[in-house]
Amino acid sequence: MADTHVVEAEHAHSPHLRHHFDDMHQQFDSATFGMWVFLLTEIMFFGGMFGAYTVYRSMYPDAFAATSNFMNPAYGAMNTAVLIVSSLTMALAVRAAHLGQQKILQIMLILTMIFGLGFLVIKGFEYHEHWVDMKVPLFAGHWAWDGPNAPPQFAHQAQILFCFYFFMTGFHALHMVVGLGIMTTIFVMARKGTFGPEYYTPVEVSGLYWHFVDIVWIFLFPLLYLIGHTRNLI
Amino acid sequence: MHSVTPVRTYVLIWLILTIMTGVTFWVSTINLGPWNIVVALGIAAFKMSLVIWFFMHVRTDNPLTKLFVFAGFFWIAILLAMTLGDYFSRTWMPGGKFW
Amino acid sequence: MSTALQEPEVKETPNYLNAEYGWKSWLFTKDHKRIAVLYLISISIMFALGGVFAMLIRLEMLTPAGDLFNSDTYNKIFTMHGVVMVFFFLIPSIPATLGNFILPMAIGAKDLAFPRINLLSWYIYVVGALFALAAIVMGGVDTGWTFYTPFSTTYSNTFVITAAVGVFISGFSSITTGLNFIVTVHKMRAPGMTWGRLPLFVWANYATSLIQVLGTPVVAITLALVGLERGFHIGIFDPAIGGDPILFQHMFWFYSHPAVYIMILPGMGVISELVTCFSRKGVFGYSFIAGSSLGIAIIGFLVWGHHMFVTGMSMYAGLYFSLLTMLVAVPSAIKVFNWTATMFRGSISYETPMLYAFGFIGLFTIGGLTGLFLGTLGLDVHLTDTYFVVAHFHYVMVGGMVVAYLGGLHFWWPKITGKMYPEGWGKFSALLVFAGFNLTFFPQFITGYLGQPRRYHAYAPEFQVLNVMSTAGASVLGLGFVIPLVYLLWSLKYGKPAGNNPWGAKGLEWETTSPPPTFNFEETPVVTEEVYAYAKHGEVEVG
Amino acid sequence: MPELPLWPEAASKVATDVDHLYIYISLVSVVMTVLIFATIFIFAVKYRRRSESEVPQPIHGSLRLEITWSIIPFLVMLTFFWWGAKIYFYNAVPPPNSMDVYVVGKQWMWKLQYPGGQREINELHVPIGQPVKLTLASEDVIHSFFIPALRIKHDVVPGHYDTMWFTADKPGRYHLFCAEYCGTEHSGMVGWVTVMSPADYQNWLAGGGSSGSMAQQGERLFEQLGCSGCHLLDRQGRGPMLRGMYGSHVQLAGGGTALVDDAYIRESILNPNAKITAGYKPNVMPSFQGQLSEEQILQLVVYVKSLGNANAPGAPAAASTAAAPAQGGKQ
């Protein structure tokens, strides 16, 4: 439990060092740790949703499986792949910032944003399909539960699942939008040559956020799209 | 600050993640009964671990970060376990005297 | 007090208060001390508002008939009393004011790790509070602070969404404060300030922050679901189409039970400081008090089901929630015993903060023990949703938390303002609070066991005598809260200069000037002695 | 002089048990509180500061003490837990010879129905010495059925049936409260429980004007709503034959079985497609959601129950025409 901070009066202060930190190391550590604590709250935030979802799923497993047939796993899988690539480019962006490779950093940030945007576009197409399909229970005129794949006994439960679907993917998409905003800021900062081996904290920290949003999707994909896939033919 | 991870590692992790996505998709088309969800969540957990461990640098991070990451999932487990404990045992009616 | 004389009074030393002037210097400050003062002002306003609602409740309860207000108004009054007090006073109270002010200094840091996020936290709080106030002004909410479904989602005709949005938003101010504290305690400690030397107030706030960070997001998502359900009627909590109202209660109490530890833990931290300082003696069982804070934070997450014993929850779930409730009482008991033992062979003086500490230990003991009544399955069936519950949580929240808050405020007032409060008035109002409090809430244990349900606008006539006692006590208690408000404000101008360390207390915050300079210390302090090393300090003074 | 009761009446064995438990925990608490108060007081006086310069010797702690004052209180608390759990479990399981009463909570009144067809609002009449099982349903929000003199309450959650039971053993008139906040007139949702001798109770039953037993009222509904067109009494029709069905396990169309109990019957009326019996088609029976009050649903449940219990000897009983005896839905 010995104290880890070493106070050295650094004569050459980095311009990025805020006054209340002793050194850049402490600042970097605090920022990344702070982001992790924030992600802890995010875990609980999505965890609450997953918890409520799990309870209903355990109450109505068949209804949820049937409802899942109205999700298009191709969209889900495609978006998973897109997000994973964006995570790769993000990781490479952080690496480039750390090594001071300005050009690569900017390219990787652009790629990350493109993939992030791609995710939202695909999601938009998917939402549109649900809208046309009358699978948006939030709006009375856009909800219908009929057809051969819609067993009537599940009418009510299906509504609940679709609510969770929009609630969870909606909050996830909101996080993506926020992430894109952050990436834009980081990109502008990168253009000004702010980052280098001694200061890349913002890139690292926003990278953590980006990867977390990716992880949420990694769970949403099987839970929402794949639970009833095999029951298609019943 | 962190040591630099080689590009090769990142690409390799990405490859595994993409392949696992395909595997999840494929497994879901086979009827394993209740095991479908277990396999799907297992793969998701594995993918998550890779992202956390490599992309998010927890591999080289200090034990404190590891503890906090663990705490997050542990707390979700509390929420789920104790809530579902109620739902699953609600219908068990005791048949007679218990004490 | 002797140290006060050492301070030459000719010229004001530069401090956080006179560093800058003008409203902008306050509204855009990044100084944790100024933010603490902003918080202090805003939660005092909310406390006064909640207090007015409390008095209105007690006035209505003077007679069994519901004759002062109509029932809708009464329902709105107790709901807004609960919402304002719980979410806008109790939860931020000690962490956001005393914690914000003292914690960085107590660990020898220049500021919190994220000063801008700290300021943001206050703005979030204000926006949340404005939503709550808007709900009140527009016509109020009548769901009870617990927002139980399906009443809140379908049947209430009041401004539920506005209030829920207010609570949702203010939750993020709680999260950001907690996040800031956790990072600060981990990363910003002065050299030599090891975990084993952290003041117990810091330990308590650290444990509180863990709860804030882990629990608050869940209530946020729950209230979001309530808003969604109320706005669109999609059935998530609507039993008519397969939704489950009990799920709401699980998710709500997953946060809201630990939230009572958010409210009480910092108070326990304050008391640990007060008892050692006014016994002038190192604390007894330091590691047990520190560890019990963490223990409460963790076990506190495992007991929420004891709010739901009569809801039709599985009786097996009832078993484990009840058993764990017994377990969570152990760390609280450890604290009480250790405070008592700290006084053994101490050198005890009776300044106002110590009087509050005595009051806290007594009232919290009663509040904690009556919690065991409610955690006991068969007994809870009778007691839950009666005035017994009301009495129990007011013993913990007011008798515990508010008393600790006042004790801490008096204790650190000289540090915050550089001025002493009038000691005689302080003692007088402390006694008023203690007497008024007991008169208000003790009779409610009896009406509760008699069966008077809570949230009743009109009640059975045989409960009247006890209710009149309660209302009489409430007016004494109210006076006990108004007097400090007056003399503390008075002391800002007329109070005697306090000096750096009027109590002869240990702790880094007492080593800097009062009021402290903007960055707390002229030089980063280096800690070389153990925590609460009163004996050594004393030798220096004598020698 | 206004009355000042300090202890509630106890009108059942459970109430007395709860009182004993309450007294036990109170005594422990008082002893603890007095101990702590006295210790603090003694210390505060004995060790008061006598001079500004005195500095006491530090005492850092004692592991032995810490363990003692953690373990002993916990063991004492375990006795609370054990005793409380015992009462809780006792309260949870109604004895088989219980008499049924059906309760519907509705903003802001209690509606009660007896198997014999008597109906009351905000009043419950029960004989002493007879276990009474209440089946609780809510029309709207969560209510809570609370009888302080019996030391029991149970939330009434909409969407499904809750049950509670008691055996009152002292005649008298006791408060009935709604204990879960339910809206504007929450505090008006109160009533009385009258506990009477069996003879008085029989008189009271006979005195109430009744339009037939609950089962008969249910049967009338069964015909009015056209249920009897498909659910035939002597053979399988477009819907399953209900005679002798109560208490049995039926095969479901989607696989699995379901126990035919009150909750299943209620669900089948409101959401017929939820659990279709094997061999029958979905979408044949219309939903009665929103068309029936909880009271009427309970009447139908009691009627189906009266058609015979699969587990009872001699089932199916020909109860549809004979008025059900006042005391029992089950025979």
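For clarity, chains are labelled A, B, C and D in written order, and residue numbers in each chain start from 1.
One rule holds in what follows: contacts are C-beta pairs under 8 Å (C-beta built on N, C-alpha and C of every residue); 3 or more make two chains touch, one makes a residue touch a chain.
Bear in mind the structure is a predicted one, so any value in this text is a computation, not a measurement.
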Farthest from chain B by Cα centre, which chain is it? Let me know.
D
With centres defined from CA atoms, tell me which chain sits nearest the overall protein centre.
C
C-D or B-C, whichever has more C-beta pairs in contact
C-D
Cα centroid separation, chain A vs chain C, in Å, comes to 35
Where chain B and chain D are represented by their mean Cα positions, the distance between them in whole Å
40
If I count partner chains per residue in chain C, which residues reach a count of at least 2?
186, 214, 218, 242-244, 246-247, 250-251, 254, 312, 315
Hey, what residues on chain B touch two or more of the other chains?
64, 71-72, 75, 79, 83, 87-88, 94
Expected list for chain D, residues touching two or more other chains, is 86, 89, 92, 271
Help me check something: in the complex, which residues belonging to chain A touch chain D?
62, 151-156
Mind listing the chain D positions that touch chain C in their complex?
2-8, 17-18, 21-22, 25-26, 29, 32-33, 36-37, 39-40, 43-44, 47-50, 52-62, 65-66, 69-70, 73-74, 77-78, 80-81, 83-92, 107, 140-142, 144, 146, 148-149, 151-155, 157-160, 162, 175, 177-188, 190, 271, 289
Chain B residues within the chain A interface of the complex
1-2, 4-5, 7, 10-11, 13-14, 17-18, 21-22, 24-25, 28-31, 36-37, 40-41, 43-44, 47-48, 51-52, 54-57, 61, 64-65, 68-69, 71-73, 75-76, 79-80, 83-84, 87-88
What part of chain A is in contact with chain B in the complex they form?
25, 28, 32-33, 36-37, 39-40, 43-44, 47-48, 50-51, 54-55, 58-59, 73, 77, 80-81, 84-85, 87-88, 90-92, 95, 98-99, 204, 207-208, 211-212, 214-215, 218-219, 221-223, 226-227, 229-231
Residues on chain D engaged by chain A in the complex (per definition of touch):
254, 271, 273-276, 282-283
